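Each of the next two complexes has chain A plus one more chain, namely chain B in the first and chain C in the second.
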Partner chain A sequence: MIEVHDVSKSYRVNRPRREGWLAAVQSLYARAYDWKTAVSGLNFHITEGELVGFIGPNGAGKSTTVKMLSGVLTPTSGRIITNGIEPSRDRKHNAMHIGVVFGQRSQLYWDLPMDDTFRLFQRMYRIDPAVFRRNVDFMVELLEMKGFYRTPIRQLSLGQKMRANLAAALLHDPRILYLDEPTIGLDVIAKTNIRRFLKELNAEKKTTVILTTHDMDDIEEVCERLMMIDDGQIIYDGGLQAFNSQFGGGTMLEVEYKGCNAPLDDPRLQVVAHTGNNVTYQFDRTDISLGEAVSLVSRRHELRDLRLREPELEKTIGMIYTKNKRQRELK
Partner chain B sequence: MTRYTLFAMFAMTSFRMHSVYRSNTVILALGSFLRLFVLLSVWQGLFRGKEEIGGITYEDMMLFVLINLLVGTLTYSRIGSTIGDRVVSGTISTDLIKPVSFKSYMIADQWGENLFRFLFSAVPACAIYFIFMSVPSIAAEPARIALFLISVTCGIVIIYHIHYLLGLTSFWTGNAYYIDWFMKAFYELFAGTFVPLWFYPQWLLQIGAFLPFRLVTFEPIAILAGKTGLQEALGILALQVFWILFLLLIERWVWSRAQHKIFVQGG
Partner chain C sequence: MDYASLYWTFIRINIKAKTEYRAAFLLTFLSRGIVWSTEFALIWVLLYKFQSIAGWGQYEVMFLYALNLTSYSLAAFFCFHPFTKLPAKIQSGEFDELLTKPMNPLLYLMSREFTASYFSNVAFGMLFIGICISQLKLSLSAWDFFFLFITLVGGTLIQAAAFIYTAIPSFWMVRNTSIAQLLLFDFKDFIRYPVSIYPASIQIVLTLIVPYAFINFYPAQYFLGKQDFLMFHPLFQYLTLAVGSVLFAGALLLWNWGIKQYHSTGS
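== the complex of A and B ==
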């Protein structure tokens, strides 16, 4: 469905000018440029129906990647094929089969109700009237938009606008849906609604969904696959479980024993803290299941209390960002 | 066929968008009327006590100013600065995910706006003028009117393409402020919309002759007003067609390069 081979994108940026009026005049005719690499050496493959989340710090290249996939930007080198088409070569053709939502921009007519934009889109995407009717009903129902369907966009709240944009991007049953920060600035309920909607859409229509986000809950609740981009490169590509065990340091099991305090000796259960009757074990769920771990620690001694702490995605990712940044600064 | 209906749909949506603010229409019509009133008063003053100036009568001027207002609303274009603003703000990415030609979309949008201004500003202003002031006599034969309509259409195509091309330059420069400035300066000077080219000094006329701006509104009106012979009128049409082809060619070339130049600011 989506194939990305060795793709890089760099663009020219004006070098910041030195201070002083002489430099200001000089910059008028002789501008110094720098080449900034947004992304480099991207390689990945996404199959139909996948739910993929791009994460990475600001300026890492997530949006650039989505814009190249959707045909807005042309890669400097490398090759992208989506739906069997090269998006930047055949932008209009490609656009017929994709839906795009940019979280910070709206593609709806500001002064008109969404209904007007929808009818324009029906013509633009050449949607069959029956399909159009069914899809509008489906969106209005599932995104709960009945109350503001005929209200001009400018009078809608951020969450309502986002839902309307999402609907507009899906009227033509696109095979791929690209979402660039779809939950940015939304409240918890609005976020939850959008996530639930994406899951349902994927289940019902097998739409491939690719989203970028800073909100780890988006990833945890929607995505099956996680791609982490930092400094223009993919530093992780795989499942969420595997990501946690690779970077998250595993699940923590805090146990308080009754009386006895000798920790268990099992290579799969690592003791990370031990004070008095309290022992904290760390384990990887791919090595040992939670059930087995609990039965192991409670087999020999009676427990007073037991607490489980999953690795926190947010923290793990924060740690990776800082580590990479520090490494870059050292170089 | 579907391409044209889609174009019309885009234009109609833009039209509806502009008709949302009702009070605007009143202000627009009043503004146009004032402009008409001031211009015609000035010319009336200049012509006082004279039959004609350089072969041009007050009746000619009146026709020129009125038609100029009507045609001017149709040739009006913000396409250049709109593209520039969209490049600067990054909104351009929402345009490029649409399965339509960027140019047609931009032009259709402008058409909707112009049609709105034409119907709710220029036409009412002229109507008010006709009712309360006077009605100019158009003694043009059908052939002239037909030639006028064709050349006005060509003029619209020319000016839209110039705007569009200028707008595309913002893909390279990354800013938009010079576009309006440039267009205003060149257009006002060489299009002859404010002061007709009839009154220009020779050297300025000669420069203007090599530029396409006079072909937008001035020459079509001159055809209607009978200042251009029918033979010459055909020559004007040929020149317009040449400019259209030339601009289309450049536009093709610039667009093919522009697509590689796009970078979306602000993420």
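== the complex of A and C ==
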């Protein structure tokens, strides 16, 4: 569905000019340029029906990547194939098969109900009337838009507008849906609604969904696959479970023993803290299951208390960003 | 392809959006009407004092004004919002979204941002042309009316090209309002009066470099029976449509090139 081979993108940016009026005058006729690499050496493959989340700090290259996939930007080098065509080469053709929602910008006519824009899109995408009817009903039902379907967009809340925009992007049954920060600024209920909708859409229509986000709950609740971009490169590509075990340092098991305090000696259970009767073990769920870990620690000694702490995605990712940034600064 | 019917759908939806606020629509119509009528009357007052400017009488100068206003308004119908707001659209990223639509970006912009309220400008422009024709007691044949139509189309193309040219730098530059201001408004102030009142250098600029004189000065001589061709050939009175077509075609080429650059550089 999506194939990305060795794609890089660099921009020409003005070099910040030196102090002084002489330099200011000079910059009028001889501008110095730098090449800034937005992304480099991207390689990945996404199959039909996948739900993929791009994460990474601001300016890491997430949006650039999505813009190249959707045909807005041409890669500086490398090759992208989506739906069997090169999106930047065949932009209009590609546009017929993708749906796009970039942030909070509305594609809908401000003063009119969404219905009017939908009809316009029906003409623009040449959607068969029966298909159009069915899709509108499907969206209105799933996104619970009956109550405000005929209300002018300007009177809708942020969450309602986002839902209307999602629907507008999906009327023509796109094979791929690109979302740039779809839940930014929304309240918890609206976020949950949208996440549930994306799952259902994917189950029902096999739509491939690519989204960028800063909200780790988007990833946890929607995406099966996670791609982490930092400084223009993919530093992780895989499932959420594996991500946690690779970067998250594993699950923590805090145990309080009754009387005895001798920690267990098992290579799969690492002792990270030990004070009095309290022992904290760390383990990787791919090595040992939670059930086995609990039965191991409680086999020989009686427990008073037991607590489980899963790695927090948000914290883990924060740590990775800081570590990478420090390494870059050292170089 | 059925672009025409799609375009018509866009126009209908735009009018529908505007008429959601009927009071505001009527108020705009009224206020624009007052503005244009005042300017129109101002020329009358000015010329009443001086009788004529460079041999051009009251209603002759007003005819220049009416031709300019009508062609400007026809161009602004389709071009004002799309192109004056392009820099902001590029900065906000709205333009990127437009590139994910299965349409030509220029057509999409022009249809989506078509401004129904310019209808009032066009109406007043036409009215002023009518007033001048009747006050000057011009007896125009069917052919003359056809040529008036051709002239307005050519003038509209010149004015539309000006809008497009001024928007294109925003594919590279963040700020270019001064170019737009200069080309779209300051320069156009020259053609409120017969170009023959200016020094030769300005006449050359307005004829060959920024050929606004073709919007009204040259074609007006045909209708008013004048022989005021400066250093140029009388043939120039027939050239408005040709000049407009060439400028507009150039604008389209440059626009396409700009879009191509945008694809590869981003903003």
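To be clear about the criterion, the second predicted complex is superposed on the first by the 320 of 331 C-alpha atoms of A that agree within 3 Å, B and C clash if a C-alpha of one lies under 4 Å from a C-alpha of the other, contacts with A are read in each partner's own complex, and residues count from 1 in each chain.
Just so we're on the same page, a contact is a pair of C-beta atoms (placed from the backbone, for glycine too) under 8 Å apart; a residue touches a chain by one contact, two chains touch by 3 or more.
In this text, all values refer to a predicted model and were calculated from it rather than measured experimentally.
With chain A as the common reference for superposition, the partners chain B and chain C occupy clashing space. When the two structures are aligned on the shared chain, A:Ile81 is found in touch with neither chain B nor chain C.
Judged by the touch definition given at the top, the superposed model places A:Leu296 against neither chain B nor chain C. Of the two partner chains, neither chain B nor chain C is touched by A:Ala190. Residue contacts after overlaying the shared chain place A:Leu112 against chain B and chain C alike. By the touch criterion stated above, A:Gln104 is placed in contact with chain B alone, chain C being left untouched. With both structures placed on the common chain, the touch criterion links A:Ile235 to neither chain B nor chain C. Looking at the shared chain after the overlay, A:Ile288 reaches neither chain B nor chain C.
Residues 11, 67, 70-74, 88, 91-93, 95-96, 98, 100, 102, 105, 107, 109-112, 116-117, 119-120, 123-125, 152 of chain A are contacted both by chain B in one complex and by chain C in the other.
Residues 11, 58-59, 63, 67, 70-74, 88, 91-93, 95-96, 98, 100, 102, 104-107, 109-112, 116-117, 119-120, 123-126, 152 of chain A are the ones touching chain B in the complex. Looking at the complex, you find that chain C touches chain A at residues 5-6, 9-10, 13, 16-18, 20-21, 92-94, 96-97, 99-104, 263-266. Those residues of chain B lying in contact with chain A across their complex are 2, 5-6, 9-10, 13, 16-17, 20-21, 90-94, 96-101, 259-260, 262-264, 266-267. Residues 11-12, 64, 67, 70-74, 76, 88, 91-93, 95-96, 98, 100, 102-103, 105, 107, 109-112, 116-117, 119-120, 123-125, 152, 178 of chain A are the ones that touch chain C when the two sit in their complex.
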